[in-house]
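These are the structures, in structure tokens.
Presented sequentially are two complexes of chain A, the first with chain B as partner and the second with chain C.
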Partner chain A sequence: MSLLEIENLRAGYGTMPVLQGISFSVEAGETTVMFGLNGAGKSTTVNAIAGLVESWSGEIRFDGQRIDRRPMTDVVRSGIALCPEGRRVFPGLSVRTNLELGAWTRRSVTKEQMDLVMSYFPRLEERADQLAGTMSGGEQQMLAIGRAMMSKPRLLLIDEASLGLSPALTQIVFKVISQINADGTTVIIVEQNVGVLPYADQAIVMEKGTITFDGRGKELAATGDLRELYLG
Partner chain B sequence: MVIERAGRGIALLPVLAVVFLLPARSDTFGHFGAYGAIFAMVGLSMNVLVGYTGQISLGQQAFVGLGALTAANVIDTGTVAAEPFTFALGILAGVGVAAGAALVLGAIALRIQGLYLALVTLVFGGVTADAVFTIPRLNGQEAGVSAIRPDALAGEYAFYLFALAMVALCLYVDIQVRRSKIGRGLVALRENELAAQAFGVNVTGYKLIGFVISGAMAGLAGSVFAFWTQEFSDKDFTSGAGFSLALTFVVMVVVGGLGNRTGVVIAAVFFALISPSSPMLGWLSNKTHWGSFYFDHKFYISNTIGAALLLQTIVMNPGGLGQVVAPITRWFAGEPFSFHGDADTSTTGAQVADVRA
Partner chain C sequence: MTTLATPFSAQVNLIQPIIDGLAHGAAYGLLGLGLVLIYKSNRIFNFAQGEFAGVGALMTYMIYTGYSFLPKLPFGLAAVAGLLAGILTALATERAVIRPLFHRPRVVLVVGTVGVTLLLIGVEGLVFPRGGALPTVDAVVGLDTPYLTKIDGVPLLYQNLLTLAVLAILAVGAFLFFRHTNTGTAILAVSQDSTAARVVGISIERISMITWGIAGLLGGIAGIILAVPPAGTVLPGAFTGTILTVAFSAAVLGGMTSLPGAFAGGLLMGLIEAFANADYSFIPGLSSLPSAQSEVAVAVVLLLVLLARPQGLLGREV
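This part shows the complex of A and B:
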């Protein structure tokens, strides 16, 4: 049984449909990357998994349990964490408080989890008392991922991990995500940067609310010029 | 260490003298002091809603008015002093009704933000004033509804101490809320609602909690206000007076510093003294020519001072008065004197964005 199974999912905003009945599954312990142009439905998909966007029809199953009609708090408690698009750190709060808020659904913030997150991103430990809003874009991205990790998720959803980051910083972030995955967390990354492909076990390409490719990352890499073929 | 503590103690003496001894000088000063305390309670109620939760309210005077109306009607003493039990019951009823009304407004306001939320709260304040406060059976018509204090609080200084105790209660609630998981949830909503939701914060529940706590505090202020004036009169909350109060409450929490309880209390007391409804103006007008001038032009002067302070705060000092006095309050609390402190308790995301810009 796959960790995440999505079946014929339809979702949208208001009366405007975005997802046109997509189906895919994600195996435990893998990294899945979702590619696609703006408006393809990638963010809507991860937001629907996280419970931020209501699904109109279809099913989302996590570890065999349906989660598409459950409140957001329950979705987080079941082991799913979302690192939303645009980082959305809490700018007026310190790095440490941001991280603590990531563990909202847990009874207490364990030192072990805080230490684990700090070990992924040592920069956060150096800046623990700094206001999140005063950090650079790269540091904020690290904080956003670290904050999502504070809930000890089994499935980590990252929306636009490399948005606004320099190529060098993007690689650092991708490597840490790879490490998080190696430590046992299943990861879904929404991306437009094909530089993430080497880290992808599974690759999904979306276009206009449908899935046009669902296969192994290596297969997608072998298809040639990804930008031309899938990303316009 | 001992010398440091002694120094702090000595430095605190003038503050304590102003708080406890000045109002004891005469009934007039005690009366002013209690009015300042009522504004401080309203300021703290705004601090929870605007400062912590990030929800704007232009209808806070309605909760204050509902508290006053309820307390006065529950107790309706006629010409005799209230019994301590009914007095307490009146206060609690005022708190309860205002909290209930805040729950209703919060439920209406759940899906709206910014300008629309401001408009809804403004309309709520106006409608409550026109539809509830003007009901003849509730407002006592021209005579008002009497709410004569119990004998033990008949003196102005005794009532001032009681009002001060209520401020202490509001401060305690404010501190406990901010330190608790509830407070962290409210602040997370203020900082970024979507991100807070993504981590499992129940947006609906926490917004309602913010509204209810704030409404209850404003209701308490209103109940105390009814006993301060010893009657409920709809004129204190309807038409121009009500709208002026609504604006004053918002301005004072911004000038005080969003989320900074010390700054908000100081600003609230200041605005209590200069507001058009301030009892001090009448007293000053009898004492000095300047006071008489102020009294005759109270709306213009008070609003101009408020507007100037608001502009100064927004443009030059987004952290408000609280940020200015923070080094001193931290020093009083036992920390070394420093201009840099715990950012989490004194800064909002908007202020950080301002810093970065």
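This part shows the complex of A and C:
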């Protein structure tokens, strides 16, 4: 059984459908990267898994349990954490408080998990008392990932990790994500930056609410489909 | 112009306005706290805050006096019933009006709270058309005089001291609540980014309910403390009519998101009002000021502060 199984998932906004009945699964311990042009439905997919976007039909199973139609609080508690598009840190709260809120559904693990997150991103420790809204874009991205890790997730969803980051910082963030994965968390990353491909066990390409490629990262690298997708 | 100046009197020209000002100001601050709380969490002016106080005062009065079919109970129990009424009214407002409109533009919610206010005033009028007043603290406790002491002949009323003390305790308590409790932090988180709050697993419905419950409690406390003679009454719409608008100004003056700011803003408003109404006949030529001067003074100070410091005296732009 795969850790995450998605079957025939349809979702959208208002009456406008976006996901046209997609199916894929993710194996425990792997890193899955989702590629696709703007508007392809990548964010809608990860948001539906996390429960932020309501799914219309189909099934999402995590560890064998249905999680679609569950309140987001329950989804987070069951072990899924989302680092949403646009970072969305709490601007008027300190870095430390942001991290503590990440552990909202599991208040007992705060201390040990805080140390772990700080070890992934030492910069967060230096800036622990700074208001999150005054941090640089890159630091906010670290904080958003760190906050998601505070709930000790088994599955971490990251929507656009590299957006707006310098190439050097992008590499650092990718390395930390691969460390998080090596430490036992299954990861799904939505990414436009092809530089992430070496870290991808599984790669998925979306187009207009459907999946057009689902295979090993190596295969996708070999086909050159990605160049075609992004460069036309 | 040869108006003769009366001699300056510390009692009339200084002490009386300070005491009046602080007493009124505490009332503004007390309603202002509830306004700030709702503004912090929902980003709206809650026009119904005055009637949460009104309902609390009315329920306390009706049970204390055994009105109609209601049981006549000691003041303490009547006050508890009043606080519960305030809380339940606020929870009902949240459930029936705020939550269904939550994703609408803020102005829709504000108008929603205006609707609740009018409804509450109407219902209060149906249930209890006559006026009344709650007993002051010295009467409840059974003290011989209503004042602790007199300063230069001006009495320092127990009731006013109680209002100030309760206001201070609530301001500090609310400040600590936001600083040091999980629920308080979650309320701030929801107010800053409700999507992000959902992402970390906070139930924004539950937080909204808790916030309104607290606002109802604050309203109830204000109602019970303020509906006493000489100034306060238990009368439908009394709080909305007399205190709410100035309380808004107090909250804005304090920065709208700052609880200590609402406290300070309230006292400042009270003092401005009292000094604008004071007797200035000791200044030659100033024997008679027009009687609407306090409203003008309050408005002018409010506008000046906002122009100089748009975030209010203690507010932060978050």
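We take it that the second predicted complex is superposed on the first by the 224 of 232 C-alpha atoms of A that agree within 3 Å, B and C clash if a C-alpha of one lies under 4 Å from a C-alpha of the other, contacts with A are read in each partner's own complex, and residues count from 1 in each chain.
Everything below uses one rule, namely that a residue touches a chain if its C-beta (ideal position, glycine included) is under 8 Å from a C-beta of that chain, and two chains touch if they have at least 3 such contacts.
Just so we're clear, the structure is a prediction, and the values are computed from it rather than from any experiment.
Asks: Pick one for A:Gly36: touches chain B only (first), chain C only (second), both, or neither.
Replies: After superposing on A, A:Gly36 lies clear of both chain B and chain C.
Asks: Is A:Pro84 in contact with chain B, with chain C, with both, or with neither (first, second, both, neither)?
Replies: Both partners, chain B and chain C.
Asks: Just to be sure I read the superposition right, which of the two partners does A:Gly92 touch: chain B = first, chain C = second, or both, or neither?
Replies: Both: A:Gly92 reaches chain B and chain C.
Asks: Could you tell me if A:Gly12 is touching chain B, chain C, both of them or neither one (first, second, both, neither)?
Replies: neither
Asks: Touch test for A:Gly209: chain B only (first), chain C only (second), both, or neither?
Replies: neither
Asks: Contacts for A:Arg107 in the overlay, against chain B (first) and chain C (second): which applies, first, second, both or neither?
Replies: second
Asks: Going by the contact definition given at the top, which residues of chain A touch chain B in one complex and chain C in the other?
Replies: On chain A, the overlap between the chain B and chain C contacts is residues 50, 52, 71-73, 75-77, 82, 84, 88-93, 97, 100-102, 104-105, 133, 147-148, 151.
Asks: Within their complex, state which residues of chain A touch chain B.
Replies: Touch residues, chain A against chain B: 50, 52, 71-73, 75-77, 81-82, 84, 88-94, 97, 100-102, 104-105, 129, 131-134, 147-148, 151.
Asks: Residue numbers of chain A touching chain C in their complex, please.
Replies: By the definition above, chain A touches chain C via 50, 52, 71-73, 75-77, 82, 84, 88-93, 97, 100-102, 104-105, 107, 133, 147-148, 151.
Asks: In their shared complex, at which residues does chain C touch chain A?
Replies: 182, 185-186, 188-189, 192-193, 195-203, 316, 318
Asks: Inside the complex, what are the residues of chain B that reach chain A?
Replies: Counting only chain B, the residues touching chain A are 184-185, 187-188, 190-192, 194-202, 343-344, 347-353, 355-356.
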